[in-house]
Structure formats: C-alpha cells, structure tokens
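Each in structure tokens, the structures are laid out below.
Presented sequentially are two complexes of subunit A, the first with subunit B as partner and the second with subunit C.
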Partner chain A sequence: MKTNTAEQKVLLYDPTRCTGCLFCQIACSYQHFKEIGLEKANLHIIFDDKTGEFEAIYCHHCDEPLCVAACPNEAAVKDEITGLVKINPIRCIGCKTCTVTCPLSAPWFNAERRVAVKCDFCDGDPKCAKFCSPQAIRVALRKEAWEFNRKRYLGV
Partner chain B sequence: MSVKFLCPYCDQEFVTKMVLGDHIKSAHSDIIESAKESIGYTFCDACNQVPYCGIKVYVKDGRIIRLDSWENYPNSPLCSKGFATLQRQYHPQRLGYPLKRTTPKSLPDPRFVRISWEEAYNTIVSKMKEIREKYGPEAVLFYCGDPKEMRPAVSRLATVFGSPNFGTESSTCFRAAALASQLMFGLIVLGNPPTRDTKTVLIWGTNPAWSRPFDMPKLFDAKEKGAMFIVIDTRRTPVADKLADLHLQPRPGTDDALALGMMNVIIERKLYDKEFVENWTYGFEALEEYVKGFTPEKVEEITWVPSDKIVAAAELFATNKPGTLMAGVSTLTHTTNAVQTVRAILTLVALTGNFDIPGGVTVPTYPLPFRSHDMGDPDFIMEKKKIEMKNKRVDKDYFPVWAEIVHEQIQVNLLPEYVREGKIKMAILFGANVTIWPQFQEYQEALKNMEFVVAVDYFYRPWTHNYVDIVLPAATNYERFEPFIWFGRKIYVRKPVVKPYLEAKTDWQIVFDLAVRLGYVEEFWGGDTKKGLDFILQKAGVTIDEIPIPDGKVIPPPGPEEYKKYEKGLLRKDGKPGFPTPTGKVEIWSTILEKYGYDPLPVYKEPEESPRSKPDLAQRYPLILITGSRVPMYTHSKWRELSWLRDLMPYPVVNINPEDAEKRGIREGDLVMVENAHGKIRVHAHITYLVPPGVVDVSHGWAMIPEAHVNLLIPRVFDPISGFPTYKAVLCEVYKA
Partner chain C sequence: MVKYAFFLGCQIPMRLPNVEVAARKVFERLGVETVELLGYSCCPEPVVSRLIDEEAALVISARNITLAEDLGINMMTLCNGCYETLAEANEILKHDAEKRDKVNNILKRYGREYKGKIDIKHVIEVLYEDVGLGNIEKLVVKPQKIRVALHYGCHLYREYKSADIMRKPKMMREIVERTGAQVIDYGLERMCCGYPSMQASEEFSLKERLARKLSRINSAGVDAVVMACPACMIQFELGQVMLRPYGIQFNIPCINLMELLALSFGVPSKELLIELHRSPVQQLVKKLGV
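On to the complex of A and B.
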C-alpha cells in the first residue's frame, strides 16, 4: 500500500534549538561507518559564527526525488511503501549525477566505496534524532515539517 | 574436479553450500546460539562523575561490537565521548600488566618492566609499612583523579591506614564552589535546572550545551513555556546564543563585582524579599552598606558590562519570581577570589528569596543517604575518624577554612610545598594527571622527590608515569561493576559485560587487595568489593543483587516533596528551624571566615593579574587569557589517545576574536605563540566570535603536545580561602610564530 506522503515520517530541523555540538553527525557516521568522523555523515550542520545562524543539510525523502529521476542506472529508488529514497550500492556506478542534481547535495560520493551514499533514515529510527539531546533534529510527520518550514522561511 | 564444502566444526564434506548450511543449522545449533549477540548495560565513565550516561552494549564472542543509548534511563543519549569508549576498550596502547621502574627516578628513562600482581602488591605494601614506621601514616598521600568511581574505596583505605591526607582533583574543580555554598547555607546548593514553575533562569558561567547536553531539553522546554533567561558568560556560547534574553559578558574574573552591582540595584530599589532577608539571613545591614559603592556605572567600569544591562538583569531576577540559578562550578572559582565570587552569586539567590520555593533553587527533601560529591557515604569513608585525625592534615596551616569544612578531602594544590617540607613521602595515585596543575613541572618534580609513588591508570601517560615507581593497569567501565549510581531516589547498578583486558583489575579490587594485604581483612570484608557496596546500600535498605538491570530500583521516599524546609526544621540535624550554619541563618556575613581572619562579606577583589590590578603588565600583555573551558568532544584532558576524538579536534587552539586577529595579522589556522610573564606556548589560531575582543581562550589538557600545554602560562597563585588556581584570569599576548 502506498503511504500518504503527508503522513510520512521525515526529519525536521529546528535551528533555534541547535547548539552546534555535531553529535548528530557523529551518531550518523558511527551508524553507517562504525567510526566517528564528521565528513562521513549523511547530514551536515553548518553555522555562521558571527550571526549565530544555523542550517542543516539533510535528505527530505522528496515526493518527486531528483536523484531518482537523474540516476542513469536506477540505483536511486523511492520505496513505494515507506516513501524512503535509497541508493542501492550494488547498482550505483559512481557517476555522481545524483550529488549534482539534488538541490541540497544530500547524496555524497564516498571515495572508499566508490558509490554515492545518502540518508537511509536508519530504517525508521534515525540515529541523528535519537542522539540529539536538545531535540533540534527530530522525527516528524511531513505535514508538520511543511507547516514548520513554511513558518520558518515564509513567515506564514 | 568437483568442489567440496567442508563443515568448519566437524570436517564432514558436502556437495553444495545449501546442504552444508542445513547441516550446520541442525547439528551445530549450540555454536550458532553462542555466537549470537547479547546485550549488556553499563554507565559511561568518559566524563564522570555527574552524568553517568547509560550505555547499551552489544556483545558477541566476548567482544563488544556496538554501542547504543540505554533506553528509559535518566541521562542519555550518548555523545562522541561515549562512543569513543569503544575505541578505548580495544586500544593497542592500553595497559595490560603491572609495570615496575628499573632505573632511579633521577634518570629520565624509567625503563619499565612487566611484573606480576603478587610482586607489585608486595612491593607497595612493604613500602607503605616502611613509610608508616619511619614518618607516620600521614606521610602517605592517597589521590584520586579521573574517572572518579574509586573515590570511596581509596578514601576508606586512607582512613583505615591512618592518613587523613586523601585528596582528589576536586581540589581544582567543584569543591571551592561547594565550600562557598556550605559557608553560606550550610548545605551544598549550586542551583538546578528550571522546573515547570520557573519564570527566570540565571545561567552564570556555564555552558550546558557542551558540558551537560542532557540538560538542554529542560532549558528549551522552559524557554518555550515563556521563562526568561539571563546568561552571564564572557563567551558567546550556544547557550547564550539560543536561550539568552539578556546576555551579560563580564571581563573574566570580575563576576564578583557584577553580582555586587546587581545586589546594589536590588537593595537600592527595595526589590529584595524583605520577609526572607529579615528572618533568615545574617549580616544584611553590613552588606547593604558595602554594596553602596557598587553602582551600575562603577560596575560597568570594572566589568565592561553596560550599566543598563546590569539594571535590567537585576530587576528581572528580583521581580520575575520564582527564579533559579545554574552556576558553573569551576568557571567562577578559577580566580584569586574564588570562594567570595560564588558567595556573592549565592547571596543574590538569598536576597531575592528564591531559595527553596517551587521553581526556585531547591534541595531535595529526602535525598538518598549517599553523597554525590565524593560518591560515598560518610560511614563508608569513616568521616568521624577523619575529623579526629584533623591535626595530621597537611593543608591545615595553609587553608584552615577548607580543613575545617571539607572533612573528606585535603587541598592538594600545594603538593610541591608539602613534599618540600617533608610532610608527604609516598603517594598512591588513581587516574592522576599532574599536568592539570599550573606550572606542572613543579608537581612532576614533587613526584620525583617522593620516596615511592604508585599510579593506577588505563594508559601509560609519560607526563605523569615517567615520575612514578609502579604503574598498575585498571579495568574500564565495561569490565567492572563497582560502584552503583543513583538519580534522585532511583538506584542503578551494572554488571561487567566483558572480561578485563589482559591482567587489568578494577580499581576497587586493587584497593581491597592492598587493604587485605595490609591486614585490614575485617574492615574490607576479606577483599569482597560487593560486600563493601552492600554496606553502603544497606542505608537504603537494599543489596546490590536486589537491583534489577536495566530497570534500576526506586526507593520510595518517606514523605512528599516539601518546600521552605528551613521553616519546618528539615535542614538541620537537630530538627530546629533554620539553616545548618553557626548562626542558624543564611550567612551573608560568614562567621567562619571571620573566625579565620578572612573578609566575612562576599567582597570584590580584582584578579591577581588583570588590566586594573597590573596596568603596567597589561601594556605588554594586553589580552586576557581564559582556559579550561569545555569542548563537545573532550572532557578536560581525557582520551587524547583516541583517534576517533582526535579526528574531531586534532590539536589545541587559541580562540581569538577577528578584531584582535586582524590587528596582529593572524589568519585562521596560523601557528601562533601565546606568551606571558610565566611562559610561552605554540598553538593554532582559531578565529571566532565565541570570545569577545580582548579575551582569548586556549584549549587545555594537551599534555601529549608538550609545547602547547596552556598550564605553562598559569602562575602558581591561589585563592587564599580555597587554594584554587587562577586558570581563568591571567594576561597574555598572541603573535604569529
């Protein structure tokens, strides 16, 4: 059964709660690579030291994912049932097209494995949200995320 | 030729992989069962001693394979330090065997050789007996560094052995703030996170985002419910950025003046809680007279904080009640006016009547009968006997107030003096790092000049262990069950999840083994550490085996939580209303300080080195140096061995404001020299708005990079009451290397 996209669970980032400890990136790299490294993470926190502005780059598991549309070998697929966008490392040929077409560059090229890697939502239990003490990044329904981000960016 | 598949367990041959698979599943099910993952629980010792974040451990074939957070546990989730304990567990450089020095301590190369535990124990015990015979038992110093979990056992051994000289690294961390609070309230009250009722939160000199991340949800929730936040911090920390309605950035070391300025506003405008001040404080009139000199304009001149902000903060904290305080324990005390600074801040709590009201600064009504600050209970460490032996304390002439109030430990910061005077001849160090002290070469020299020094640690750390005679390997938090821990009235215990690495032993076991060999069989339950823990737990009416893992056990309180306990006689041991101080009131005028000739009021004193106290020196060294501030990936000097953490922060930096950097032609990542009258170090520059202009913040704890150790820049100047060093207010200059 296809899930209603508004009811799909996605990640939601609230910059007003983020303290810049980067434990989300650490938890992500530990989950996927069994080591602690800020580069090997599927989400990235960027902050401006002067203004104190925070932003997070992470996969939104789009309704109509550009990475899926651009993939020449059908490695990037959107799961009909869960709604998650994943990259199959066996089919991936390492062409980096998805890393360029994604507006956020959420998929990234891992030089060791020579494939593109991206957020797989930790199969329903995202470690970034689990290990974020102030709950700046958390799991929310897509409709909540819509509402939150509309308020944040458009002010309505 | 056909390919055959061999069963790895019974050498039988099979034609296809599938048949082999079926065979293994049916004939060797027991082996498959044992190779499955099992789950264990432990608490983290990477920060210690307060957080004790819970770790869920996945074990396979006797090896830890994965870590996760302990669910439904008060302090979680895990952070980078917690994850890195897995790398520590299997680090190739971990100590696995007892080591003995083979060269005299005057030579730089110790040439350690492996010895047996039997030999190590026998050497230590015979040395202890020899020193006791020659100089008396008080010539042996017992010291606990970090992690702190062995403190009660070591403290008990010290008392039983007859030495009151048990010291810990709290001599530079928590104890001065606690001492200040004991002088005022008779209790250890250093504030608490906001509750549902809190309307104002005063965060003074602490950055829980990096030091206590598990407290952050409470703070953000309070903010969303409409609580106002006053953050007082020289640095623009994440807490100041995200939470502060008012952010005051005093010059380092002038928090005392700022608190007095706020008191001036509160008293002048009659905003203080008259009922509480009249009935429950001692010395208000003297304070009223003293703070008259601290007008907001004068305080602006001293602290660099705009006077309107001082007025606004004071008015907000005094009128928008209830308000709570979260005070940094070792930021405010790292100046030459340590105790008085904390006393001034706590006076604010008393004046505004925020003590022990719902949503204010509270103490639990029915705490479990264990103490968190030394992780034990007074009977286990035999505090009565320690008080009897008070005259043998080495610090009693230097810091008489500390010696009177702080029964459980001595002030060890003057170790070189104690050794020079021949009072300390031998030391037993658990998790010690001598480079935590300013001008640490003198402390290394002190270890060298002692007759015998034993160290217990996870790793061989040359900056300390090059100066000792025996090094013993300790077991980590995955390999030991001692001690138990508690949150409020809930007790948690753990079990070892894996066997100790090589010959490592738990530090409690090492203490108990030594005690038994010294002949204290009865006092140490024949060497059974479990019985020792049961002795502590009997006060709560449970034994260690009765506490389930991972659920923990709640000991139900005898009554409901109460407020204004001073009115009901719940604070004093004799049951009378009031506070457990000599006058029975909150002592703004401290009778104990008066007795020993110190200033009885919480007075302002300029730091020993500052642009105001030493203007000539400030011309040569115009920047103010602060050090010892936390970063998310390290706790002080710990775990620099682990590459997982070093990847996150590979070298020490000096945080410098862009304005100061531009003046000196410094760019991001440049190697720079930080120099002052006491020494110079070479570190990388990090240009950031974290620090205001005129202040630089150098990372601490980098003993593995000797030319970058910031404690070379800190003078050996101490607070006269508590003996705390001045890590947070010295002068320096930065220039390109």
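On to the complex of A and C.
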C-alpha cells in the first residue's frame, strides 16, 4: 500500500532543545561507516554565532524529491510503501547532481566509495534520534513536522 | 533517613577524587546515607558503547543495577553520563520483556537476575526532592558570595514520559542559589562543552564548543563555572590548558556542584583536595578565604 504522506515517519529537529553535542553525527557516522567521526554523517548540526542558535541539516524524505528527479541513472529512489528516499550505490554513477539539486544538500559525495550517500532513516530506527539526550532530533509523523516547522519558520 | 546505593562511575574516583571527597562530606552533613556498590563496573559510556554493541552495554548496565537490587535500595549517580546510561537501561529493561529476557539469559551465567525493582536518580534529584532546598539552606554557614556561570551538561536533559528537559537544570540552578552564589546568565548555558566531539576532532571540540562557551562566560564576568558532570569538568579544566597551543587563553576556575556545597557548608578548602584542579580554583578559594 502506498504510504500516506501525513502519516509518514520523518525526523523532526527542535533547535531550542539542541546542545550541539553532535552525538547524532557520531552515531550516524558509526552506523553507516563504523567510524567515530563528524565528517561522514548524513546530518549536520551547525551553530549560528549571531543568533546563538543551532540548526540541523538533514533529509526530509520529500514528497517530490529533487534528488530523485535529478538522478540520471535512477539511483535515487523514493520507496512507495515506506516513503523513504534512498540512493542505490550500485546504480549511482557519482555525478553529484543530487548533492546540488537538493535544497539542503542532504546527499553528499563520498570520495572513497565515489558515490552519493544520504540518510536512509536507519531502516526505521534512526540512530541520531536514539542517542539525542534532550530529544532535539526525534522521530515524528510528517503532519507534526509540518505543524512544528510552520510555526517555527512562518509563525503561523 | 535518605539512603542510596552510591554509583560513583569511573571518572570521579579515578580522575576527580576531589569531587568524591566533597560529595561524601556533603552527604554526611545532609544525612544522606550512601551504601557502597561493591563490585560495580563502568556504567558503560552512554553513546559509543551502545552504538558498538547494544546488548553488551545493556548487560553491563543491568549487572550494575542488580547490585543495588540486592541491597533493595534506589541508586544515586554523581555523573550525568552514568545517570543517562543506567536510567535508559532501566527504562528499556523495565518495559521491553524481550530485551529483559535476553539480558537475564546472559546474567544467569553469573548468578544474577535483573528484576526492575529500583529507580536511578541523579544526585541533583536527590538533593532537590529528598533532601529539600530548606534543609540545604539550613546548613549553609559560609554563603559563597561569588558570581557563577552554570553548565548543566547534555545528559542532564534526558527525561522520560515527555517531562520538561529543563526539570533537572532548574533544580541545579535553585540549589546553587541556596549556597549564596549569584547565578549569571551568559546565553550559551545549553551548549555542549565539547567533550563528546573530542573523540572525533580535538580542534573542533576545543574551538567550536569549549572556547565559544568560555568566551561568553569570560565576558559575563564571573568568578567560577559550576557544573555537575565529571566529563564536562575534565573538558572545562583540561580544555583550557589544551587551548593554549591554539593561542586561546582562558583562566576561569571550574568547580563541581558538590564542591560548592561543601565550601558553603563550611568544609575547609584544605580538606577538599582542591590542589587537584587544573583550573585556578586555588586562587578562587584564596579570594574567598575558605
């Protein structure tokens, strides 16, 4: 059965809870590359010195993903059942188109594997959310994420 | 009388014995009875150990919890990391029968069984909920007339059942205020000290986290930074030394909540091993005349 967009599980980030400890990045890097590091992570926390606030860059598993639309070799695919957007490394030709068409540059180019890599939602149990002490990043339904982000960015 | 199984963790007895000394003196005066947890091990570390092998991490935590179950009393931790590891394991094992069975199958080999009969409390909860602010205030004979910045530490924000993440930090602030210290806001209280990212990148951890915090704290004009977590203490104190080769110099005294309480209760500073500090706490104590 095709997934109902509003009911799809996605990641939801609340900057007012984030401490910037980067355990999310470390957990992501270990989960996907078995490396305790900050670079090879599918999400990134950045700090704005002017506002004193954190912001997270992570894949929202879009309804109409630009990475999928731009991929010349159908390596980036949106799963109709789970709604998750993934990149098949076997089909990826490493052209980096997805890394620039995504408005957040969520997919990134992995120089060792010479393919694009992105969040795969850890197949339903995202490690970033699991290890976030203040629950700044958590799993929520997309309709909750819509409401939260509408309030946060548009104030409505 | 309040009685707890005392989980000290690794960092405090091995690297910060001054915190242990201060804590024991504080508990003695407050009438908190601490029972030693003989044979305890590392909690283990809350993130990386669980990432590498979740089941092993759960078994180690469960074994530590069973030691307190044998005593039939709740467990108290001084460290934020130990608190999260043990509280998280307790939460998982109490509610997930499948994981509990798996863990107990392994524990059985060592003659132990996790029963889920006790709770894990952070020392801040014990001081606030069991001892009470009034009883703490009664013992303050030397109010600490200093301006302090607070650093709560990431794992202190861990809550269950959708409770407010500021619950424990607010408690800590109130406890500090009862010692006579004036809490100064500097705007980056929630930011991590950088200890976790130290495992990934020393330069990032020191410059992007610790130095940012210290620079705001420095501008706020405080006498000291007060914190609850031993890992944060190591980062704040050793980090100031490690920042020097990068050309960044700070000289801010950092003390643990237990040390601040002990000083305000009139414990002479020479009994508190303050010479073990890597930040200028001796200068602070001299200024205070304690």
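The criterion applied here is as follows: the second predicted complex is superposed on the first by the 154 of 156 C-alpha atoms of A that agree within 3 Å, B and C clash if a C-alpha of one lies under 4 Å from a C-alpha of the other, contacts with A are read in each partner's own complex, and residues count from 1 in each chain.
By definition in this document, contacts are C-beta pairs under 8 Å (C-beta built on N, C-alpha and C of every residue); 3 or more make two chains touch, one makes a residue touch a chain.
What you see is a predicted model; the values in this text were computed from it and never measured.
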Put the two structures on top of each other at subunit A: do subunit B and subunit C fit, or clash?
clash
Considering only the touch criterion stated at the top, classify A:50 as touching first (subunit B), second (subunit C), both, or neither.
first
Quick check for you: in the superposed arrangement, does A:20 touch first (subunit B), second (subunit C), both or neither?
both
Only subunit B stretch among 114-122, 132-140, 168-176 or 438-446 with CA clashes against subunit C is 168-176
Shared subunit A contacts, counted only where both subunit B and subunit C touch the same residue:
17-23, 26-27, 30, 36-38, 49, 52, 131, 133-135
Which residues, counting only subunit A, touch subunit B once they are in their complex?
16-23, 26-27, 30, 34-38, 49-50, 52, 130-135
Using the touch definition up top, name the residues of subunit C that touch subunit A in the complex.
46-48, 50-52, 84, 154-155, 157-159, 165, 187-188, 190-192, 196-197, 199-201, 204, 208-209, 212
State the interface residues of subunit B toward subunit A in the complex, per the touch definition above.
66, 69, 77-80, 83-84, 209-210, 213-214, 216-217, 219-220, 236, 238-239, 241-242, 632, 644-645, 647-648, 688-690
Which residues, counting only subunit A, touch subunit C once they are in their complex?
17-23, 25-27, 29-31, 36-38, 47, 49, 52, 127, 131, 133-135
